[in-house]
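All chains are identified by letter, namely A, B, C and D, in their written order; residue positions are counted from 1 within each chain.
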């Protein structure tokens, strides 16, 4: 019960660095970032302009780390940031930002705005201005082990089902396995096919893999709320698990933020490089495909399109693999406008989907995705992020669009010949 | 003397056509429209020649006599001489035969006889330092003389840059405390004919105007006749097209200089100098500085001597930058100091870090 | 030592450059339109007008070009008055090229006059009167 | 003070002071900004060609996919006035002479009529950009005193320079002096306003490119 403005400001003083200083000094208020943000384009409300979401951070930067700002503060020319302001900004920093990073790639002066939002959330959470929804998710992840409250027994039960359905073993805590597979609780609860798909793919590729009993949950609500201390606790579980099992590679599931948290933030959170590699499942599939370890039969014949999860593509650098994989199993794959690097967010990333009071705004922002889909009119929508999938399904339902959403890994797995059939051949 | 001026001229063998030609040329030089030349000729021809010629008193102060030299070398000597013939030059130290007390008597006689009507021409600046002791005539400081003679003048012509603006004597650091005529005399019409020296025809043009219309011609904000100082050297320069094309002489002996390209980069002050050199030219229309391959010095502008150097282009700094490198060092030092303060602040914030627990998310 | 032995040559800013276009500022052709306009005005209202060539930013080459382009017409008059003046009609009647020189032969002013007959060439009644008096004198001398 | 003394002052002491404050500010601000440093990225880098800070410095000069149509005025107006400013500042012969005098560097200039035309186009583009800032809700919402002030600071030197060359409103000498004075004001305020993006934009692009280039994303 110690969150306070002072604490928030102190944390911000810690995280403000040269890039942030450079960014704030470069901004010319051109407003182009607004054009890149679906919360602005779909609402037309200028307060959703990305750089504006950082206004308190800018003031703290100027008042703490510039001479003129300090003088201004000393002589009362610039007023200090207040708790009420931060409370007001909560909606802008969390509800209306999915950390999709689109603003960062359009800013003409090169400001990495999402980098700053991520850092601003450190201060916002320390000042007690994080949304209840994300706080709850963090709480459950830390205390129970998963944002949706999934515990190991539930995972074990799921494993049993899958083993029975697929006739393939699901290894748990297998030391020395090549791959340690992580899950997101969405997959455990909503999309159990994912685990079966992994089993089939790994079996066909002939790779050793395992789940980890102490680290099965990949999502990191600590990173979404923007608190490094809590994010570190969650990453540490995975690092400890991976090092205990001495795996070569940890596979991040179809979950965008889990990938960012582990792949790009993890080593920085624990303060040392990893002893293992971190790959997104799509990256692994891409490697298998290149190595000829991914053999499929048959094609999907309906009209398919692919929604790029922001954290995988624009923020993660995995852009081509999903397309190659789509083409391996789909005959009628069409791209949405601005797909790939410039893809539009589903509207629920970065923890936004956990914010109940943000739902109306989220659905408003979904109109962007709707227009993208309307442009290509697909029969089904493929993606590679369980969170995107849930948000997309909600949005499609709201707008009464009859487009089923499927996970890419599962779709690939469906085209892998049954192990029995393989034996028979 | 009887009849109009034209009759006076005719008696001296100057034909009407010669006079018309002179007026056309004078109008051209005064940058007046060609029709004005005819009007001027008609006005002057019809003007009754004064029964007594207007008296002119010429006072030299801190000067080099260059202005007088220039005027006496007017390039149409006969005609311009005639303009001077139309006046009575009652006091001009350099030109007059009289000297000493005789000269002073002539001065005072002229002042007395023409009180309130004579034209006063001044060349040279007036030193104020040491109570004016730097320049005295007949035991009187220039300041005293000027005040005394100006009192009865109808109008004053400040001849040359020294009289008009202080000129070279006033150049930094101005040891004699030199000032211009208009700095001292405030209650008389004053016309400035600046230049170092001024163009002779400007002088005769102003006199012609005074004789024709009995008043001084239209002046600009710096008290100069607009007719001659209405446009810059640059705008009337025959090399202007080269400026526009970006063709510049870079040194005085390069290809550009030989091709007659623009002298801007060699320090020509043409763009900021208002004078008629480019149209009237010097030495009987022979040439003028730019035509001779040298940039304009800007001698008809105030403080031309202190305008940053004759060979420095206008867009160059007038003085070398003195504080630039010191400022850069000071800025870097300030920056480093702030850096240390910032880093201290940041590490203080870091060491005050308390690891956040779940409870810490709540207020 | 003869004067021309001094190794200094006058280089005309315009003539120095090679080619026909050398030294032209491009200001001269525009003048032709102005002259045409003045000629139209002369026909319409009988109003004479003049262009002061010294008042314009023309290079020597520009003047040469203009002189050459306008050409030499049928009438040319020379006036001896404190230096020579030449008034010559161009191939366009009514367009006169007027050059005034001083006693030393230097050009002091130069105009293009658009007029039926240059004012300067006409004799003034007063001068005619003077001439008449002179004639009378001559006649009286005869008797 | 007459116009000539005014001109000589802005060319002399005025310029000295302005350049001094400019250099002081630039060094101070650059140290102040970049000395804050950043943490080393410990995550394993993904190396992709074209993804680096240096690439982004150049790449970010072009509009990303789909953006030109979203805000054509910002892009076309922005390009026009930035390129226009560069031409007017760096390719007008008298300016080159100043740069040569201050730095020893020199290059050929463009005909003054062309520069004149560019100045007019630049002024027009700046007016369009200003109107856009007033009309567009986002720009108006973001705008502070600093935005109007810096626009004026940038507009005036071009306007007064052009007016001086065209002999408009005031005599050339006065206008030239005012022109130089406005440039000096620009220099004085540049390090302390958003105009400092002329320096930091490159650092910002580099950081953005480097941070994302580490992930193998060519931003």
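Here are some notes:
Criterion: a residue touches a chain if its C-beta (ideal position, glycine included) is under 8 Å from a C-beta of that chain, and two chains touch if they have at least 3 such contacts.
Just so it is clear, the structure is predicted and the values come from calculations on it, not from any experiment.
In this assembly, the chain whose C-alpha centre lies farthest from chain A is C.
Judged by contacting C-beta pairs, the busier of the interfaces A-B and B-D is B-D.
In terms of Cα centroid distance from the overall Cα mean, chain D ranks first.
Once the centre of each chain is set as its mean CA position, chain A and chain C turn out to be 88 Å apart. Each chain gets one centre point, the mean of its Cα atoms, and the points for chain A and chain B are 77 Å apart. Averaging Cα coordinates per chain places chain B and chain D 39 Å apart. Chain centres here are Cα means. That of chain A falls 38 Å from that of chain D.
Annotation for chain C: no residues touch 2 or more other chains.
For chain A, residues touching at least two other chains, in rising order: 16, 65-67. Residue positions of chain D touching 2 or more other chains, listed in rising order: 28-29, 32, 35-37.
By the contact rule set out at the top, the touching chain pairs are A-B, A-D, B-C, B-D. Contact residues of chain B toward chain C in the complex are 14-18, 20-22, 24-25, 28-29, 31, 33-35, 38, 75-76, 78-79, 235-241, 258-260, 279, 284-286.
Within the complex, the chain D residues that touch chain A are 28-29, 32-39, 41-44, 46, 48, 51, 56-57, 60-61, 63-67, 70-71, 74, 78, 136-144, 147, 192, 194, 196-197, 200-209, 211-212, 214-217, 219. Across the interface of their complex, chain B is touched by residues 11-14, 16-17, 23, 25-27, 49-52, 54-55, 57-60, 79, 81-83, 85, 100, 102-104, 106-109, 111, 113, 119-120, 124, 126-127 of chain C. On the side of chain A, the complex with chain D involves touching residues 16-23, 25-32, 34-36, 40, 44, 46-47, 49, 51-52, 65-68, 104-112, 115, 263-268, 271-274, 277-278, 314-317, 337-338, 341-342. Across the complex, chain D meets chain B through its residues 2, 4-5, 7-8, 11-13, 15-17, 19-32, 35-37, 93-95, 97-98, 101-102, 108-113, 167, 171-173, 176.
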